[in-house]
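Next up: some structures, all given as structure tokens.
Here subunit A shows up in two complexes: once beside subunit B, once beside subunit C.
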Partner chain A sequence: MRRKDLYLFNYYIMHLKEKLVSSFLFLSAFFSVIIIFLIIIFILREGMPIFLKEGLSFIFGREWKPEGEIYGFDASYGALPLILATLLTTFMAIAIAVPLGIGSAIFISHLAPKRIKSFIKSMIELLAGIPSVVYGFFGMIVLVNFFQASFNVASGEGWLVASIVLAIMILPTITSISEDVISSVPYEYIEGSFALGATKWRTIRKIVLPASLPGIIASIVLGIGRAAGETMAVMMVIGNSPLMPNLKMPFMPLKTITSAMAIEMGESPTNSMWHHALYGLAVLLLIIAFFVNWFAMKIIERSKKARVNEKLKKYAKIFFSIILFFLTIYIFEIYSIAIFGIFLLLYFIMKREIISERISQKIAFSLISLCAFISISVLFIILYYIFSNGISGLTIEFLTKPPSNLGREGGIFPAIVGTLLLVGGAILFAMPLGIGAGIYLNEYAREGKIKKIILSSITMLNGTPSIVFGLFGLTFFVIYLKWGICLLAGQITLALMILPTIIKTTQETLKTIPKHVREGSFALGATKWQTIKKIVLPASLPGIMTGAILSIGRAAGETAPILFTAAVFSQRFLPGSVFEPVMALPYHLFIIITSVPGEEARGNAFATAVVLTLLVIVLYMGAIIIRNRYRKKIRW
Partner chain B sequence: MKMNKIKKFLPVCVVCIALAGCIGTRETISIAGSTTVLPIVQKCAERYMQLHPEVEIRVSGGGSSIGIKNVGDGIVNIGMASRDIKDSEKSNYPDLIKHVIAIDGIAIIVHPSNPLTNLTSEQLKGIYNGTYTRWEEFGWAGEIVVIGRDTASGTGEFFWEHVMKKENFTSGMLALPSNGAVHDKVASTQNAIGFVGIGYISDKVKALKLDGIEPKVENVKNRVYPLARELYLFTKGEPTGLTEYFINFVKSDEGQRIVEEEGFIPL
Partner chain C sequence: MEIIRTVNLNLWYGSKQVLFDINMGIEKNRVTALIGPSGCGKSTLIRCFNRMNDLIDECRIEGSVIIDGYDIYSEDADPVEVRKKVGMVFQKPNPFPKSIYENVAYGARIQGVKDKKELDRIVERSLKQAWLWNEVKDRLNESALSLSGGQQQRLCIARALAIEPEIILMDEPCSALDPIATAKIEDLIDELEKKYTVVIVTHNMQQAARVSDYTGFLYLGKLIEFGETKQIFENPREELTEKYITGRFG
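Now for the complex of A and B:
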């Protein structure tokens, strides 16, 4: 072969390789579109009969008694009590978590001494990783009993406790995102305000908060999405009676959309109307989740273009005041006069500026510090409670033996291995696809319809509640593909759940690599893929790793997706192939808390909770350390 | 430097694959379904595996319908159910075969500090449909905290059919997801009343007589105690191999002893 031909040949090979790589990357990005399409198709296919049969009365019917069909009485499929319960708990959780979260965020970014600032921030990020079963467990034994004793009510379960548990769960999310936004307000703005003689509080109130409002709203919307889609923690504390919510009765048991799905899925016979109704609920939940995410995206988009419309803000203010006004009258009846009186008095004092700037700053700062104090101490109390009760149960035997006597004796070895297998498999599936998709979107995709479709699929996937992933896994892998309840089904279901997180962090990291680095590589004659492989990817590896580890933590703590796809209650040997089921820590914890009575079971539940929490915390800590180290090191 | 990071993680991945890939030669069956039947089957499985070290029996919960669905679809070898198969399921899975393995009595439980010892069926129905709301009616004090099961559960359905005579439960009833949860709730709540499988009675709760009859094994066996039902295992077609051996083990003297140990009534 002549030298020229050899060059040409090499050139073609290289060209082919580039083509192959870019089409693989495109496919991995397009995978999200396929998945969201499959989820919608399969959930809709199973849920359609209930919409055809009941029509709108499925949404507006006031009675939920789907079990009538098989137990021989008149079944009714009105999901309104469930929808209202979901809305109520979500709204209350937001009402509790938003002031605390924003207060903590302001505290961390502007009031905290430099030395403890990054410590508190890391702590709160760490707490975002505590699995929801652990929150539910805490709510069940501590909060429920506390309310039962201190309010002298018959039973502490109900929507109030559920809202509080949800609020604690979404607090870290709201705090850490708000803090990011508040900290990123340019310092020139703040200096400018100081230069004009404004106090620190006035600067925060008039400059910092308005400038970071869109980001704060986005964090709230994310919190709403998480609260509405949460299954396990709510199910364990809400009492699970499908009643119409009564705002005056905080200890009234309710049933949310997610808890109905998780509880009744196991009891509804295949192809019964009840079964279809549960998929109908999944459809409703998907619609709510998509709407919330779409709304969040719109806010973020809009905030990039212009400031929040003043008129819109005014209308929103009036709208919410009217709602609050009537709610107060409804709940507190005659006492609401006193509340309005206090409110008016406060308003009057603020308006007339009777209190001097300095005093109002003092009051505001002490309130903000109080918020931060409450958030951090609540989260620490939970950790302390779980650890102080569970650490004594952590013996070598507990960590290395299989369970016996329904989890009251023996250990949790198969569950630890099962969780590692589930998470390891999930990351093995999700990493290549997620990183590929991230690279495609940031480096290859041209602006246009296809990119838009892919991006919105990823957003939808990101907003899909974990119980819906579980239901999809059951319908598609377990039943449709006839895999049965097995490791592989659980791994892929979890992989789908964490895929959007990995894509997003990859994308975000790639964006931070400056353009001139790539151009330098091109100038030396490197191809696009060579540049990405040798220059861009190595530099963005820490960022991608952080995303991956965070999603591992999330996958390890999730119960809902493996509930119907992979988990078994007991098993003596480790699974021999991916087509066998496994034990898993969160599922094991859930079962021994809710189904096995007795003190021994309680003790083992605490110890299991400690192992699960430690596992997740160690992973998160790794992610935070990697991020902090490389954030300082890399300089272009 | 950065490639080292990847290299460090490679062994972890390899170990994961290797662990997932090693296929043993042991014989395995899986069982899923009702959480009421689960303790019996779990204990029997533990005992059976002690006797036959090469065998692996996996038990998971899920509920009666999951049990029937999964065995019908061939996903598990045996389905556990605390209720009989429904017509819609019969038409879906015509070849399911029913094996009765035990009898479950349902006991009415209250907090140990409650002085009450006996209820009539009418009184019980009255408490659960909301006619009586306070313990004063029964010579004690306080509001009655009515605890039931989610009507989706087999136990809840049985109670509703045989005690409530298909009337509605009071809307204030707290519906808990499992026998264990009801037991713990009653044990920790002074004014509570609940119902659980006889196997869940402990010294932390007090079991009431129903129409003067104590919820005891002999009484259920002799069919004197009114609230009792059968528990089932389902197989697809006649069981063979390990499935058959295991079902026979549950029905054998040794299996039935476990049934009794777990507080259920042997056949």
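Now for the complex of A and C:
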């Protein structure tokens, strides 16, 4: 070849490569659209028969007795008790977690001394990493027993404990998102307020909080989504009877949408109406989740344009006050007079400024510090309880032997290996796709319809409750593709679940790399992909790693997605191929806590919980350390 | 009559000393300008007058600042009370993300004003004083962020006036504004002088010459020269001052 031809040849190759790369990146971003589409199709396909048969009475029917079909009595498919139970536990959890979360967020951003600030922040993030089965375990053993003993009831199980457990679980979501928005309120506002002679508390109350209100609301909405979709922890403490909720009976056992799905899926025969009804529940849950996430996204979008509608705020205030008023009367009956009395007195004191601004600041700051203290204490109490009871069971034998006698004896070796295989496989699937999608969205995608569709698919995927992923995995991989319950089905189901997290962190990290860095590379004649590969990606590696590690932690602790796709309880051997089922730590823990009686089982449960928690904590700590280091080092 | 007097004022950020033995007096109902090259400590100095430096963690101050015969750095002084007497306008206009009305009312509310009519009166008076009333009187409930930069800065002045301070500190108030908006603010400063004491930091020497009665020249954290503006600009005593004013360094 002549020199010119060679040059042209290289030129074509280079362009071909750029084209290929950008197509691959587009496909990996579009993958999310395909998946959310498949999820909707398959869940709808299985859930449709119940809607066709029952119509609206599926939603408004007051009796849930789907097992009648099998056991030969009249079956009824009214999901109202389940829906109300989900609403009740979700809102109670919000009522507990919102003050604690916002208080902690204010404490971290404005009151905490610099030295302990990042420590508290990391601790609360760690709270997010504890697997939900471990929360459920803690709730079952500590909270349920505590309420049983102190209120002298037959069983401490019920919606109150479920709400408390849920509140602990959504606390980190609310705290860390709120803290982010509160900390990002421009310093000029704060300075301006101080310069007018405002106290710190007034500045926080009147300037900082109103300015970050949209973000705080978004964090609450996301918390609602998470609470409504949570399965394992709720299922373990709520008692699971499909009764109509009664607000006056906190120890009444209920059944939520998710707990019904998780428990009954294993009992209902495929193609029975019962089975379809459970998918019908999944449809309802998906609708709730999509709506919640859409709403949160809208709020965040609007907040960028600033300006909260003052009138709307006023109406919202009146609306919530009226609801609270009647609720108080309903629950506390005659005692509500005392509550209103105290409330009025407080209002009077505030309005008249009987106490000086200095003292009210002191009171407010003490309450805020208390919130942060409670949040941190919860973490330490849970960790202490699990570790102090479980550490003695951690022997070499326990870690290296298979279980015997239903998990009462032997060890958890196959479960450890199973979890590692599941998580390893999931990350292997999700990493290339997620990073590719992130790169596409940040570097290649133009503003327009396609980008919008991809972005909203990712948001929807992110909001899909893990139990719905489990159900999708069951119908699609296990049944439709005829894989059966196996390792591969679990790996891919987990991969789908963590995909949005990886996409989002990749995208956010790429965003932090300034334009002039890319321009510098372009100016030297580098192509787009060369610039990304050599300049952009290396610089964003720590951020992407952090996202990946957090996803690994989440995948390792999740139970619901592998419940029907991959996990079995007792297996003496390791899987020989990806088409065999496996044991997994969270599932193993779940079964020995809920289904295996006896003292030995309890001891092994604690030891298993320690192994699982340690695994997740180590991963989370790693991620946090990488992130903190990276933040300090790189300044553009 | 002197309203502010600094006595041996020294200031450190961490281990780095930023102000050295500042001794100066600021006359009541006069405009005093502080000039000097960037990093000379003029903004830091002005922030000593309302204890804004307290907000910076590693900041340490020695010496005293006496306002109206009262040492604002004494043990029992409350920075919050100090700031109610000494208003401040910043380099970048920083209206709160609230309505125009609420921005001004915020200052009055801090003073404990609750009555709606009284608030209305204060808002109107302050906006008039800041020469903004005619431009915004029909849209008081619109967001303050919808105003232009110059209007935002006058809103910040109105906000500071609403707390009825005795002294107004201005930290390069025109550096983010165009020439027309700057001219308006300068005229406004002339007007404010009748009722208030104004201390202004500027790196624009023409501005200092135009608006101020007294000028202090700072260099590397030291007050090199302080005197009547006319004398400083026409007949500086120090060689450094002369070099700076004639533009031979800066």
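Assume the second predicted complex is superposed on the first by the 636 of 636 C-alpha atoms of A that agree within 3 Å, B and C clash if a C-alpha of one lies under 4 Å from a C-alpha of the other, contacts with A are read in each partner's own complex, and residues count from 1 in each chain.
The rule is short, and it goes like this: a contact is a pair of C-beta atoms (placed from the backbone, for glycine too) under 8 Å apart; a residue touches a chain by one contact, two chains touch by 3 or more.
Since we're looking at a predicted model, the values are computed, not measured.
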| item | value |
| --- | --- |
| Contacts of A:K114 with subunit B and subunit C, given as first, second, both or neither | second |
| Which of subunit B and subunit C A:K206 touches, first, second, both or neither | second |
| Partner chain(s) touched by A:L541 [first = subunit B, second = subunit C, both, neither] | first |
| First (subunit B), second (subunit C), both or neither touched by A:V237 | neither |
| Partner with the higher number of touched subunit A residues, subunit C or subunit B | B |
| Which superposed partner A:F194 touches (first subunit B, second subunit C, both, neither) | second |
| First (subunit B), second (subunit C), both or neither touched by A:F569 | first |
| Partner chain in contact with A:N271 - subunit B first, subunit C second, else both or neither | first |
| Subunit B contact footprint on subunit A (complex, rising order) | 65, 67, 69-73, 145, 148, 154-155, 157, 235, 239-241, 243, 252-253, 255, 263-272, 404-406, 417, 420-421, 424-425, 428, 478-479, 482, 484-485, 487, 538-539, 541-542, 545, 564, 567-578, 580-581, 591, 594-598, 601 |
| In the complex, subunit A residues that touch subunit C | 114, 186, 188-189, 191-199, 202, 206-207, 210-211, 306-307, 310, 353 |
| Of all residues in subunit C, those that touch subunit A in their complex | 50, 52, 55, 57, 80-85, 87-88, 90, 92, 94-99, 106-107, 110-112, 141, 143, 145, 156, 159-160, 163 |
| Footprint of subunit A on subunit B - complex, ascending | 2-3, 5-6, 12-13, 16-17, 19-24, 26, 28, 30, 32, 35, 38-39, 42-43, 45-46, 49, 56-66, 68-70, 72-76, 86, 88-89, 92, 143, 145, 147, 150-154, 157, 160-161, 166, 171-181, 183-185, 188-189, 191-192, 200, 202 |
